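You will see chain A twice below: alongside chain B first, and alongside chain C after that.
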Partner chain A sequence: MTARSLTALAVANRILLWAVFLTLAVICVYPMIWLFLNAFKTTNDMFAATWGLPKVWHWENFSTAWNYGISRYLLNSLIVTTATVLIELTLATMAAYALVVLNFRAKAAIYTLILGGAILPPEVSLIPLFRVMAETGLYNTYFALILPNVAFGLPFTTFLIRAYMTGIPGELREAALMDGAGEARIFREVYLPLCRPILASAGLISAMRVWNEFIFALTFVESETVKTVTIGVMSFAVALRADWGVLMAGLALSILPILATFLIMQRQFVGGLTSGAVK
Partner chain B sequence: MTDRSDHTRATWRQSLQGWLWVAPALLFLVVFVYGPALTNIRFSLFSFSAMSLDWDFVGFDNYLRLWNDPKFTTALTNNAIYAVISVACQVGVALTLAAVLEARVFPDLSANLFRTALFLPSILPVVVVGLVWQLLMTPTTGLIDQLLWETGLSSWSKAWLGEPDTAIFAVIFVSQWQWTGYIMALFMVAIRAVPRDLYEAMEIDGASGIQQFWHITVPGVRETILIVTIITILGSLKVFDIVWVMTAGGPNHSSEVLGTLMYRAAFRDDMIGYSSTIATVIFFIALTIGLMQIKLQKDR
Partner chain C sequence: MAYMQIKAIAKQYGTYEAVRGIDIDIAEREFVVIVGPSGCGKSTLLRMIAGLESISRGELLIDGQRMNDVRPADRGIAMVFQSYALYPHKTVEQNMGFALKVAKTPKDEAARKIARAAEILQLGPLMKRLPKELSGGQRQRVAIGRAIVRNPKVFLFDEPLSNLDASLRLQMRIELAQLHRELQATMVYVTHDQIEAMTLADKIVVLRDGLVEQIGAPLEIYRHPANTFVAGFIGSPKMNLLKARVTATESGTARVDAAGLVCDVAVDHLPAVGAEVTLGIRPEHLVAGPGASVEVQASERLGGMTYAYGRLADGQPVTVQLDGEHDFAADGGLTVQPQPGRAHLFSGDSGLRL
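Then we have the complex of A and B:
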């Protein structure tokens, strides 16, 4: 915008926009600041003044919360998330490779079948899945979370990777075929290295989804040793209704890993999580 | 499809190879998504509990019962309200915010900070968001109540989550808080793909920012608007976690949605057949929305 267009109206507009965005930014960020500050207070301090810095910083809230089981929940979430992402990326990349470069019958129908899974919410499969988990002994194990999480993540992940692979020139594969390389080798040595950026984005999207997943974790596991952090903080919140300080310290700890990663790598985060916005 | 090989019909040998590559993914979808979804439809025709060995075939009785269940009406209405508000906020508001941030109204650094701040809620687990806002909305001790007292608006003070009139709206508000910034970031990516010279040409013609928004931005990101709208509506249909954490459908079932209704029927009241019926309704609504999306995208 040039100086001459800055009429009084434009100035007023600009002030208004600043006010709107500043307000929205505060509304979006402040609840988290509030959470972290109050995590240091005793319940009484909180009732007296819910904002403001703690008069005494009660670090012990965090150690109490940590010993209450948060550490175990975080570990379980890490295991479930890592396993899901690895399996999901492997299967999705293989499927995408076939859909882009190989020629086979019923290809369009198969692609539709894979994508169609994205329409169905977990609710529609939950009850039969629960019975399957119970009957196969998978109930209350990591697999009870990993397997359905992979299945429900595959449609979007395959879509993302396939879209990216269509941009890789087919000549690369043809040249490799001439040299006598098989599909497995072309996949591993040509396509996988070229797909690194989309694998990182798709992996991040999938990891966020699994880390925050709720309904499977609520339904398919029950012991403290398998519970992921989302369900962990739920039981934590029920147990600590009366002790807000420790509860909030627990909540703060549960989001600390994700929050720290986001703040350090926010550009990659936003970029990765929004890939797929335009095809 | 971009590859040229589609024109020649594959031999069985070629096909076998292709099928082997997609088989693992397909297997997962059949075993954990499609298979259970179809089984669920069959369940909806029976009356049984988790432990019972004998299933009574009841035909469409469960559907009849659901149709006459006032909680079902409440849930459907709440899902619809959820969808309308979410589309308004996450498509309308988010697109507007994205357009402002991309219009270089603010210096780059502050635009970037605004985007990060607004994006932040979307990386947090829904459970934590729900619990934190539950604390914020607690009467007397919560931040919102204290804020209202401080500013002399104490007459507005309310148990937002504890009253049937406001509970669902309080939950919907939190959902908008969490997701508007994320959709905004999606729109920013889409807007960046719109050719810049279109804006410059209009600016030379003296068009205002608002005119540029309607004539260039909106048509330029039509595809994204369509997809985001569909995703938002689907999201409002399957919403479960935020409601379950904040109100569990209460007070007195006023904030019930299809997801919470289904979950409670199955895992609290042990009415598996009835619960499957609710899940089947969700299935068919989702299917309808999905088919609509395919049709809309084909039309262009």
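Then we have the complex of A and C:
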């Protein structure tokens, strides 16, 4: 092949790649643009020009949606997501440390068992979990959402953090042992600070999952005071079918926190995914 | 400072025995270098002393106290790792102070100890830096500083210079020797580099396949290697080990001939005339002169000296070190003879010194 045809091939490849990425980006981004554009319109404006800019920017749509109850749903989602992420990261980090650093019987079997949890779809356990929630009095409480979310998130989070920890040189632990530190201190003062990048990405991945979680939120809570935003906006949509602008503003508000978090931390998000994939 | 006794120590991994019963006595303030090729068990031995590996058999005594089951931190030992093992998220000061913090040393006392170590190692301006902001040599110094602040009875070094470039290695070697003099500490140092062993050690322990081949002062080992392995391992370039035949014997002396290289060697165990033996002669102990002819195949001219790599008449490889510059193509070949009293004789079968 001549140098010129090689260059042409490289250019063609590049164009193809960009075309694929651009298509994917459009598919992902256009619903969001549409949502945010229409959140500022009245229902009539929206049907008159779905893709046009609003003639008048109706900022009040957001305050109406906020006062309609979305604020409560957002707060509930925030509580459930924060608690889940904190508990999940704590447990997964400790489990990963034990799996990487300590030598104990049946270590491989325990790790396989933990990973096995990732295979189980949440739907399979809905009915047993529902009964457990009902019998333990957890039904319709934050814990009814936090506990199953932690349980179903742990396998992947443990997998991610464990993969990252295997890259931390064992000699650091040995040096700390020589320095007189015990396992708890080595975990706290050596491993945890070094795991900050993976904790950020695992936390973000977990937060996105929990924020968007639907099945548990639909099944294990019914009170307005505990409902999270995914279920909240559903009842919101039913009530506000006549006022699309406010509905869109409510939906926009419901995704804003997690969207903002993702945009701020997307580097960690990608880093976490690749560190899990490569190791 | 402390003395240490290693008594018949062994390390078993399943059916594989990495260390097979080693005895070493280490006196107070002694600098002992354990040397051997990769996989000889030297690092395993050091890790057993440190308490990072359990001892399968035998006893480790420090100042007469059995240490086999004592926690690493309670053995009074500090270790400098090959990779330095500095905590990447802690500053130099925090790295050096970590052990003191764990031991709940009062802050002013800790600060004093850290300052003293920093002064010895000239780390003063680097105290607030992170390890990634340091050069290899500086990291090495911090690792040593971390050991010094603990004021240990024994310092352990696991190939501490192997990650440094040649010039830095030389500089650090000199600094380590100075440090040993200053601290008057007992030090055990593991390396595969025989030059480090020769230059640093009060006592060298040569290991092979988990066993001690020879223990002795550097020059003692250089002058009287116990067997062909030690003879070939200690000294650079390697000692020539040539197949030879005993042509005559006289009280305490054997005359041998290796493809025309004839010499008289003083021996403790007189071999039989006609026996096949191994003649050991270092490249620096061969001199140009009438004797065996060497077909030179390659040479390295270093200015002050020249190394000639060639073959004897029977094809055995031989290395010769000559003073000054030589051009063997122009000189028309080389004939060599051994310096009197410098050759060694080993059994042709067991490889042991005769």
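Criterion: the second predicted complex is superposed on the first by the 234 of 279 C-alpha atoms of A that agree within 3 Å, B and C clash if a C-alpha of one lies under 4 Å from a C-alpha of the other, contacts with A are read in each partner's own complex, and residues count from 1 in each chain.
Just so we're on the same page, a residue touches a chain if its C-beta (ideal position, glycine included) is under 8 Å from a C-beta of that chain, and two chains touch if they have at least 3 such contacts.
Since this is a predicted model, take the numbers as computed values, not measurements.
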item	value
Superposition on chain A - do chain B and chain C clash or fit	fit
Which superposed partner A:Phe262 touches (first chain B, second chain C, both, neither)	first
Partner chain in contact with A:Leu78 - chain B first, chain C second, else both or neither	neither
Contacts of A:Met94 with chain B and chain C, given as first, second, both or neither	first
Partner chain(s) touched by A:Ala239 [first = chain B, second = chain C, both, neither]	neither
Partner chain(s) touched by A:Pro193 [first = chain B, second = chain C, both, neither]	second
Chain B versus chain C as contact partner of A:Leu86, first or second or both or neither	neither
Chain A residues touched - chain C or chain B, whichever exceeds	B
Minimal inter-chain CA distance - chain C and chain B, angstrom	7
Chain A residues contacted in one complex by chain B, in the other by chain C	none
Parts of chain C lying in touch with chain A, wherever the complex brings them together	50-52, 71-74, 77-79, 81-83, 85-89, 98-99, 102-103, 146, 150
For the chain A and chain C complex, residues of the former touching the latter	169, 171-172, 174-181, 185, 189-190, 193-194
Residues of chain A that touch chain B when the two form their complex	1, 14, 17-18, 21, 24-25, 27-29, 31-32, 34-35, 46-47, 50-51, 90-92, 94-95, 97-108, 110, 113-114, 116-117, 119-130, 132, 147-148, 150-152, 154-155, 158, 166, 170, 183, 208, 211-212, 214-215, 218-219, 229-231, 233-234, 237, 244, 247-248, 251, 254-255, 258-259, 262, 266, 269-270, 273-275, 277-279
Chain B residues touching chain A - in the complex, by the definition given at the top	1-6, 8-10, 12, 14-19, 21-22, 24-26, 28-29, 31-37, 39-40, 43, 97, 100, 104-106, 113-128, 131-133, 135-136, 141-143, 146, 177, 181-182, 185-190, 193, 223-224, 234, 237-238, 240-241, 244-245, 258-259, 262-263, 266-267, 272, 275-276, 279-280, 282-283, 286-287, 289-290
